[in-house]
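In structure tokens below, several structures.
Heads up, the next two complexes both have chain A, just with different partners, chain B and then chain C.
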Partner chain A sequence: MEEDMATKGKPIISTGSPKGSKKRKTISTGKRYIINTVLTVLVIVIGQMMIDNGSISRYQGSVLEQVGIYIIMAVSLNIATGYLGQLPLGHAGFMSVGGYSCAIFIMRMMGPMHVTMYDFMTGTPATTLLFVCGLIFGGVCAAICGLIIGIPALRLKGDYLAIITLGFAEIIRVVMLNIDSVVGFQLTGGAKGLTGIPSYTNFTNTFVVVAISLFLIHTMMKSRHGRAILAIRDNEIAAEATGVNTTYYKTLAFVVSAFFAGVGGGLYAGCIGVMAPAKFGFMKSIEILVMVVLGGMGSMLGSVISATFLTILPEALRAFADYRMVVYAIVLILVMIFRPQGLLGDYDFSMGNFLEKIINGEFPWKKKQAEEVEADE
Partner chain B sequence: MSNNISRRDLFKVSGATAVGISLSSLLAACGGSSSDSAISGKTLKVGLMGPYSGDVAQYGLAVRNGAKLYFKQFNKKGGTSTGKKISLIVQDEKGDATEAVNVYQKMAESNVVAVLGDVTSTPSIAVAQEAVKDNMPLVSASATAADFIKYGKNAFRACYTDPYQGKLMADFAAKKGYKTLCTIYNSGGDYEKGVNDAFVKEAKKKGLKIATQESYSAGDVDFKAQLANIIAKKPDAVLSPNYYQDDGKIVTQARQLGYTGVFLGADGWANIVGGDEDYASGKDLEGCFYDTSFVSANTDKSVQQFIKDYKAEYNADPTNFCALGYDAAMILCDAINKVEKAGKAKTYKDYKQAVIDAIAKGTVKGVTGTIKYEGTGDPVKSTLIIGFKDGKEYIETTM
Partner chain C sequence: MSSETKQKRRPVIVQMESPNLIPERDLGQIPVLEAKHIGIDFGGLTAVDDFNIAMGRTEISGLIGPNGAGKTTIFNLLTNVYKPTRGTILVDGYDTAGMSITQVNKLGIARTFQNIRLFSQMTVAQNILVGFGNSMSTHLVTDMLRFPKHWKQEREYRDKAMDLLGIFDMQRFADTKAGNLPYGAQRRLEILRALATHPKVLLLDEPAAGMNPNETEELMDNILKIRDEFQIAILLIEHDMSLVMGVCEVVGVLNYGKIIAKGTPEEIQRDPKVIEAYLGKQGVK
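Entry: the complex of A and B
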């Protein structure tokens, strides 16, 4: 995955190379994109091949799918928490809106499009179309909810925003529970949940969606809009004084965060096959927030790593049976004691910069020497 | 913040951890064998899953205790007629659908011949949707949701469904001659709502008057507002088809408000007196009825034997869920025994199909009644209506 969000700590406008030193070799942006695309495709293709020949079992494949889903969830929450610097506690609400609307959309469209449950296992052009439309529909529904809640909620800060978003997630849960008797026909299935959702996700399409989501979020954060959002996080008054429309950018970040949460929810519905409102309570939001905080707020790589780690950890510890939740909690506590800024802080990894360093021979163990040389001059 | 680990140290630690975890998972992955050898060995693997931690752990643990007891007895008696023993793979799914699917796939990978699970409704449906792809024999002790058996012929349950109980209690109400009925239920629970809706439907069909249906949300402890509405309608009987913790509070609060009439309940009432906590006093419950398939007051010989064995093993009284777990294990062992006896199934795939057929055709005399299946995964079995008299449970009638 390709993230270089190193906007902090480095000057945006380079003053050129220090005089006396030889010119530093660089990789152009175009080449960087090509390298990253090739690597991403390679990872997905190798993953799919390993699943096909059985070196990744079905169980491991299913856990990997969940890893992908939680990566999207954590990275999308990171927009609002890490980049915008707010503390929303209603991410599970957006996830359930996206999940329900995506699943309902696909299930309702299966009839008119003559697609059966089994087509999803083999995969046809029609199922791909349904998958894409369903996810976008789920994302848009969640984004609309994000807009509705975002406009009033973002006038508040800190604890107050946390409480209002928490309340909002509860509202969504209760609506999902009771909407059937209000509209008078089967929509969400109420308390018994929405069942019989076709399994429209697999390893490949989950990770393609993950890659696209990460790319979109990454490019947004590197753009003018992203810098405006970061400026608001660092100092809202200063940002406003320099002409950043704070209300607009705060809402934008919130809506984008909700959109990708909806996409993640859509994948979740297909992966599990059952949606029940009870699963999207307060604890789900906290679970996702823990991933973001553990990985380091504002670090995309951190979110990816901690989402992967925290999804796999309970499964890897399954052998310890009753003690695994204790171990899970201990790991969290230890990390928070020794790395309060999260695993990666606000560090982000960039494949392009990494390669540049290798080309120029800038290795960490050479750094000291280079500094000494510079000091001598 | 000098005690904070620097990023470089962190990478070293996490690298070491990652290597450790991947090595251990590699070790765990080794020792897998081809699927057909799963049925030729001395032991047959059976998966047992349920929530053993989390909000609904009490049901999972009860089912696990009951099922484990039967498997232990089965193995003690020498296992199947061909001398094969059952080895259990027990996994916790925390009452979560995602975990349940993972657990199921892990079990399917270790080539179990059948899975006993799941316990609560949503995870059970998620597992049923997965299990149909493998044609895996699936017996649930307590998945009452109607959809559980909808996906394929491989899923069976030992309990009866929510709608069945609702209908049964409405029939019972009609038989008792109650005219005006009210209900109070947890609108956030699939079980409670399922029973309530079927009750209302059947009662209307029988020409009984449903004066009001009051609902509450999960976690509520004060039901006085709803109960005041109900009492104002002067009902002959009130249906409270919830779990016993809530039912106990509802009955107690209704008595405090001066309601003296009848309460009807479903099998969630089991344990309402003499359980882990007293949620309602025997005096308050006087004249109330609920339906269940197992009660310790049953004088049937096999039931009393089960209660004795259970007490000897766990030093506690068995609940309805324990008995259902015991029966689900019995259904499964009976089918596996038949398949072993016939000896026809040579491949893993055939074996699973043979187990499914054996369950579908078999009749098992369990501690929750005689269980057989007539073309669906729903059991055909008798139901006990339990009443309260002088603070004690007694069997009012069998329906």
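Entry: the complex of A and C
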């Protein structure tokens, strides 16, 4: 059924190599990387400049930061749902583990490193170091949780995996709520939350982290490891018979997914400034899952677009306060009716391929000839 | 290919005292795949009982039998998809008991499936690269940070994949989604993917299913070509008698989970028990 849906409407076979006889101009891999890096830097610099001169207000700036955070969350969940083909419902759990551990790490290290709250506003080498270490620490803590839950949970499939991960996220929430009285000193701040987190994120460092995360996830998926993960999604039995160590790769995908969720959580703690267990309930996991499903499972660009859209939409609809949840729901229902495979299906955009087509005179908006099946990178 | 050349390629079979047959050229070596008295019960039902096989290094054998005789179950036993209730399986002398499917594959058994199981959302080249996965050595970090070693290896294996596709003249499909290939090409791709894991034994589950006589003829040539080029043993399940009789050196006939006859294709064709299994008792005079 799924296969039918995905392949419907596409030409059966592309003609392939005969086209190559025209001597297609290509862009070398090195150049592609340079182009992409330049574009990314350009976007970040322009964004930061607009924030500096006030064309983007402080409020809009913080929404943009959240957009970046949810992009990481959606893309990291996409590893487990879109690429591995499982349905974990505990992504908010990993996010909170990452957020708490990153925030606590930075707060505890501020003293020994002689960093004050105000240093984070101006930015010093010490704050950058703290920021990087904090995020990695948060990511690693979340990854360890991912490993602990992944090993038993990934023996299960479908609904059962969803339930066990859901339960796990709840366990994390309850642990965060009660751990203070267990360890005997103030760690997470319990129900009233962890306050006084320095605002160590800003537009630039958030989006640098976003770019690095997307790059690492992309490169992992376009390597032998990524292919093994995709093979498990497409046909687990065949993957096993083809020598793919399914247990290892499932766990790997799950752990990497949890790692980046932890990084996203770390950014979230810095952006919001307050961590409370109540924020990381079941609904948060669902929210992230909706982003992935809406964008198209297995499409990184899809996750990015829908994370952006679904983070901005509720903010943009704030004026219609009472109706915004209704509009939000209607948008989702419409998408699910008319594009059940998600906005982009499993299409992925490649700037290099796009430019290659332009310089070869094949404009994507002039789709007269039979279009080729997309190949990435 | 004319029938004489096929006859020539088929080596002499020698009868051994064990219940197994092995081509003469492989006699000095240990069998690459050996099963001794394996059997499996599903609940009270004995699906396979007392199955024995010993395959020479470059042997092509066939397994035939009516529907439901247990042929695919035997493949699943040999690849450890099912754990045998009784008996031992040795791959190149190693006991596979307690191994995972992946480990058995690493020992040298690759297979195709009766109902095609490709990675349909991935491209043809990627399908084959998954098969090469275990021979690629780069570490996750090397791949994620795109060190030069990653590119070198990717190029190397991409070329290898194209070479492999060349066997069936399928290079032009390299970047097509596997699920969009025509049926015959999907079957061929499955064989290539299995070959990419560097097997010592290739198990083909009904490779000619759904193929027309021309394609079957071509497949026969290809099976022989694969054996000669890769020097591997091939065990195949097939209903198409022209294929079985054309390429197999030894044929085993399975009925109700038991081997009822074993021998060269000529012997099998004359065996009254086989005729009985296929046509019923009245056929025997």
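Convention: the second predicted complex is superposed on the first by the 344 of 377 C-alpha atoms of A that agree within 3 Å, B and C clash if a C-alpha of one lies under 4 Å from a C-alpha of the other, contacts with A are read in each partner's own complex, and residues count from 1 in each chain.
The rule is simple: contacts are C-beta pairs under 8 Å (C-beta built on N, C-alpha and C of every residue); 3 or more make two chains touch, one makes a residue touch a chain.
From a predicted model like this one, the values you see are computed outputs, not experimental measurements.
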item: Partner chain(s) touched by A:Lys279 [first = chain B, second = chain C, both, neither]; value: first
item: Partner chain(s) touched by A:Thr37 [first = chain B, second = chain C, both, neither]; value: neither
item: Contacts of A:Asn178 with chain B and chain C, given as first, second, both or neither; value: first
item: Touching partner for A:Arg227 - first (chain B), second (chain C), both, neither; value: second
item: Which superposed partner A:Val63 touches (first chain B, second chain C, both, neither); value: first
item: Residues of chain A that lie at the interface with chain B and also at the interface with chain C; value: none
item: Parts of chain C lying in touch with chain A, wherever the complex brings them together; value: 79, 81, 100-102, 105-106, 110-111, 113, 117-123, 126, 129-134, 136, 138, 140, 143-146, 150-151, 154, 171-177, 179-182, 193-194, 196-197
item: Touch list for chain A against partner chain B, complex; value: 57-59, 62-63, 66, 174, 177-178, 190-193, 195-196, 199, 271-274, 276-279, 312, 314-316, 318-319, 321-322, 325, 338-341, 343-345, 347
item: Of all residues in chain B, those that touch chain A in their complex; value: 1, 3-5, 7, 10, 14, 21, 24-25, 28-29, 52-53, 90-92, 94, 96-99, 101-102, 105-106, 108-109, 121-122, 125-126, 129-130, 145, 147, 150-151, 187-190, 192-194, 217-218
item: Contact footprint of chain C on chain A as seen in their complex; value: 3, 6-7, 10, 12-18, 29, 216, 219-220, 223-225, 227-228, 230-231, 233-235, 237-247, 252, 298, 346, 373, 375
